[in-house]
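Read through the structures below before going on.
Below are two complexes that have chain A in common, paired first with chain B and then with chain C.
Entry: the complex of A and B
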């Protein structure tokens, strides 16, 4: 695990030098889902899937509106505008899909800390923030089989 | 011979003395080493015990702060502190393991196990708190975390006792060793001055060591007693023992440390400090202290001078002096209590560190109690208005019903719902909305008796309990009073608002004998008032129940109708004057397992009220495009599909985008989509409507005005509207065959007007052959109605679109021409 994180950090370093910021999907240390399709990431954040396979509740962590991570969530993951996103959550709730548990955190560090504390949490954060001390205790998820920084990673 | 023998004897004696001296010195050195070990274990152990307790308490306190907010951004720093305190607990445990005290290992392991168990449960609670599931969090905290903590605290007590036992055994060993060394050295004392001198020194050292050991043993015993008391107090705090009991225990600490000393403690209650307990003070002094004015200290001003001066004077009257005092603050620095110690004149004050510890414990106990009370309050009250919530309200209703039964009186439950409150939230923002709700709460309380209860049970829904009523008229008076109070203009900052409310009233015992039934019936009566335009109070009637129950059931089922795939589309063909299929109108149908087939006329207005029409409308649009595209892909010559769009949906900000996406996702040609809108669309915001239409027309989408002639039709506007078709309302068609009814003239006029503007005309609701003939004679381009075709599911439409298709209902439309797209 440690070597995977180190490799990711190295790749991220190279990727940062090469191009625009990329974003990592992180989950709790105990979460076995460490390789997700982009469509699954969309389902977790968009509220169409509200439980993990082990039955625990999904808690989607979003960053405050206007942050790069929130923009990435809307544009690259959900493909929605902010108002569509809010309305989508409301629609799910009103059409009996249950309440979508979304938490808004003010900083990348706080988002990592939240994920560290909550087994069902999933967050999208800037890969540059993975070097923060707060992000030590979270797992980075492969998206479409790729880690941030690898060729073909979809969230860059 | 004698001399050599004596010399030998002396030499022997000296040799024995030397051996005794060597052995005694070695024993003494061992004793000193053991003494040092004992001291190290004792002092380090004591520090660690104190530190452990402090960190356990710190972790509990910071964790309870995390429970006091719902914002994870505020919770996380407290949770960090909780985890840091837990890490320090583990650090202390490692340090205890490093001590040369193997006897405590078992107890240490036991405490470690218990603490780890508690931490595991607490981490679960942390996760639940951050997830926002406070209810489950409190449940787990109460059912599992508290018992686990109690086990850990008990293990800590055992560990402390083991440390004490270890110190006692070690102390006995040192004493034994010192005694042996003294014996060895005493034997040699007579043989040589040098050895005597050495022995004398050893003896003096031994005495000093024993004295010091005795003194430290006494101090240790006192410190241990204090520690046990502290643990007991902390346990009382963590198990939410009654505050006076806990404070009495704390005040009792003073008497333990100074002879004839007493103490009194005050705690914050509202804005004032209130006397709580006094320990070891005579009855008269206690009475004088308790009679000091409650409002003597304003906790916000933090001015304690007056209180201290009063206490000094009082103490003097009883031959006591104030022997130390402390203001008690919570973690945020707010004054929450006061501690005063009294000692006899000339008796000396309390040690500074003891006073500090007492103050710390008292502050923790009071703060914990305040926090507990706040949480208890929050569990039963609405956070925004501080009014009782639904749970407390039901409880109060139950109590009132019991009383009313006993005194044969009536009680009323009123359900108040603000009219159009959503508009305030949408237009002026949630901050203003919240202020409105607070003001409504204040007004409701103002206009009712003190014995009545006002509660907030939902967004803009309030309930009132009025009891001790003689007749239903009394309840209606209350209802009118509430409406009058709420309709007074409301000035909130720059906004001057005029509110109205709808109120439903149910009576005990007339309309129910249980709180739930009374509340449901009041709610139904309120619904009825609201449906009839709002701003009225309505008494529940059983007939209301049936109508409203149906509506409530529809509302409940409608929320999940899409999810359960209960909606479907039927298509009604439009036939042109040549008998050809000129289009299909998509009509939504709802089949529910519980309600059966529900008419669109019944559920669409409810969906509009519930704000679900956007979602349903979007689904209809997407499904129609998807079905049309499937027909085209199957090689069928499908005609254009008309979709009804409500004014609310059409004027929605993203209607254009939704329509474009529906077309693109299904690859459905835009020119085959006809959007049917009513004239009301143009009444509210003509410019926006024209903008939306222009954007979609540029893509090729066509527009028809539905139900033409029933709204406020503006003929002058009609020529400016970018529509392709008008649909004459069925009410005109229905009366066509009535001679002198006027409908015939009107329809003829509409057809001529539309043709002069190059618009196509569709007549809806054609049910007879006569109507069809007349419409054809008048030049109507297209007809639609049960006489021609009923709405049909998609598979039947497919049969119609394939050669050898189904005949129209009336069987009177010959030679249906090939389908026209």
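Entry: the complex of A and C
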């Protein structure tokens, strides 16, 4: 536990020292998918994958439009504009594929709290926010085998 | 004697003790059950209160995006440490089963539509779409389109029930849609049905013209549609199997009107490889009997294949089709065709696009001679640009050159303001 806290603190420190904001993908503590490819992250947030391997529904948590995390989601993860993102989600639902569960939350803490409470949730938050109390109970996901702060991490 | 009495008394007490113990257990169990019931009532009340609270905060949020559930952050006002939260570990969003409603509409300015020398503003379709989750495995989907243009009286405005489905969501491998569905012929018909805002261009590919507008493909059926994934690793294989009847709606007398509800069968297979996100390749096979006139039917088979890429600013749609109409001894008609559409987003809002449509007809006899009425166009080049004014509103300009079989070639232009609400 102590090592985990130290690792988190180290990550936060590295993120802050690096300058430009870094973003972390977080999931529920019970979620075994803690190592994802960027394409998989894109599929979960973009609505093309709506279930986790264990069968539970994916609930993508997005931050309010205009926030750095939302911009990162559009530009670095989805490579879409806000309009394209909306069209994409609408088209999935419209074509009978069912509603894509997207939850928009106004703060990083609320996003962490939501992920803590909902096993199928996945969120993209600023790495600096991992120090918040609300983010203590969530898991940080490796993206392309890298954690935030490590060399080659794609979401920075 | 006294010892005997004491022994008997001891034996009686010993025999009674298990009975008392059992009574105590029953009493404890009853108390526990009562306690559990009381706690269950409390939990139910708390859940109701929580749901109301979430709805209230969602309403208060200004984001108009209808597809998303928006909730103001409760932690913003009253910070609370997450680990102490007592919400059940397996909880889903409180409003996961709410009623969803969506609409699409468009206003157009058209010049030389279908070769006529018209120049006019036109109201497009109003498309209303709703889904409701009835239970965790049952969803209701309904879509109705109102086409108000060119109607003289309010009473003549057609209300087209485009889709009406009870969707049984089994698992990733088997789902069943019951009701009026769109046929899984090719890609475009399942990806873009109504709702002009969804598609990049103003007009649809000519192959996928709606039936009531003269299209010859059976884009709607009524019956059963099963679909799901096929375990194939990273190939991302999916299947669709449909058994239904042709849908007869539209204006009597139009070409392509199917006068009898003949059974139809359709099978589609497509792949979305995980290694190339945005790519989809697939094919479909459709078979039924078409009755263009009373008491007569001809066999109809339709093969399609598509390769589509939509990612990283690109939209590259390619579909090919072969339709066969066989009505011995009255002859046959074979209609091969394809379209290819390329679009690329420039900057954040501009998306220029170009599409080429092509069709040909080979036939003999009465069927072959009548085929051009069903497929009056030979090829078309269409170019345009889409500008996304906001997340929900798009402005499109389009210019097209059509080469026809039954009338002189023409150039048409269109401007469209399409939106969703």
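By definition in this document, the second predicted complex is superposed on the first by the 148 of 156 C-alpha atoms of A that agree within 3 Å, B and C clash if a C-alpha of one lies under 4 Å from a C-alpha of the other, contacts with A are read in each partner's own complex, and residues count from 1 in each chain.
Basically, contacts are C-beta pairs under 8 Å (C-beta built on N, C-alpha and C of every residue); 3 or more make two chains touch, one makes a residue touch a chain.
Keep in mind that what you see is a predicted model, and the values were worked out from it rather than measured.
Looking at the overlay, what does A:131 touch: chain B (first), chain C (second), both, or neither?
A:131 contacts neither chain B nor chain C.
Once the shared chain is lined up, is A:91 touching chain B (first), chain C (second), both, or neither of them?
After superposition on chain A, A:91 lies in contact with both partners, chain B and chain C.
According to the contact criterion defined above, which of chain B and chain C contacts more residues of chain A?
Between chain B and chain C, the winner on chain A residue contacts is C.
In the overlaid three-chain picture, which partner chain does A:101 touch, first (chain B) or second (chain C), both, or neither?
Both chain B and chain C are touched by A:101.
Taking the superposition on A as described, I'd like to know which of chain B and chain C A:57 touches: first, second, both or neither.
A:57: touches chain B and chain C.
Going by the contact rule set out at the top, does A:120 touch chain B (first), chain C (second), both, or neither?
both
So in the superposed three-chain picture, is A:110 touching just chain B, just chain C, both, or none of them (first/second/both/neither)?
both
Common interface residues of chain A with chain B and chain C?
Looking at chain A, the two contact sets intersect at 57, 59, 81, 83-84, 91, 94-96, 101, 103, 105-106, 110, 113, 117-120.
Chain C touches which residues of chain A in the complex?
That would be residues 30, 39, 42-43, 48, 51, 55, 57, 59, 62, 64-65, 79, 81-84, 86-87, 89-91, 93-96, 98-107, 109-110, 112-113, 116-120, 133-138 of chain A.
Could you please specify the touching residues of chain A with respect to chain B in the complex?
57, 59, 81, 83-84, 91, 94-97, 101, 103, 105-106, 110, 113-114, 117-121
Could you list, by residue number, the parts of chain C that touch chain A in their complex?
61, 63, 65, 67-76, 79-83, 85, 87, 89-93, 96, 100, 102, 129, 131, 133, 139, 141, 163, 165, 167, 169, 171-172, 177, 181, 190-193, 195, 197-198, 272, 274, 277, 311-313, 345, 348-349, 388, 390-392, 394, 420
Applying the document's contact rule, which stretches of chain B touch chain A when the two form their complex?
Touch list, chain B to chain A: 72-73, 76, 79-80, 123, 126-127, 130-132, 559-564, 610-612, 615, 653-654.
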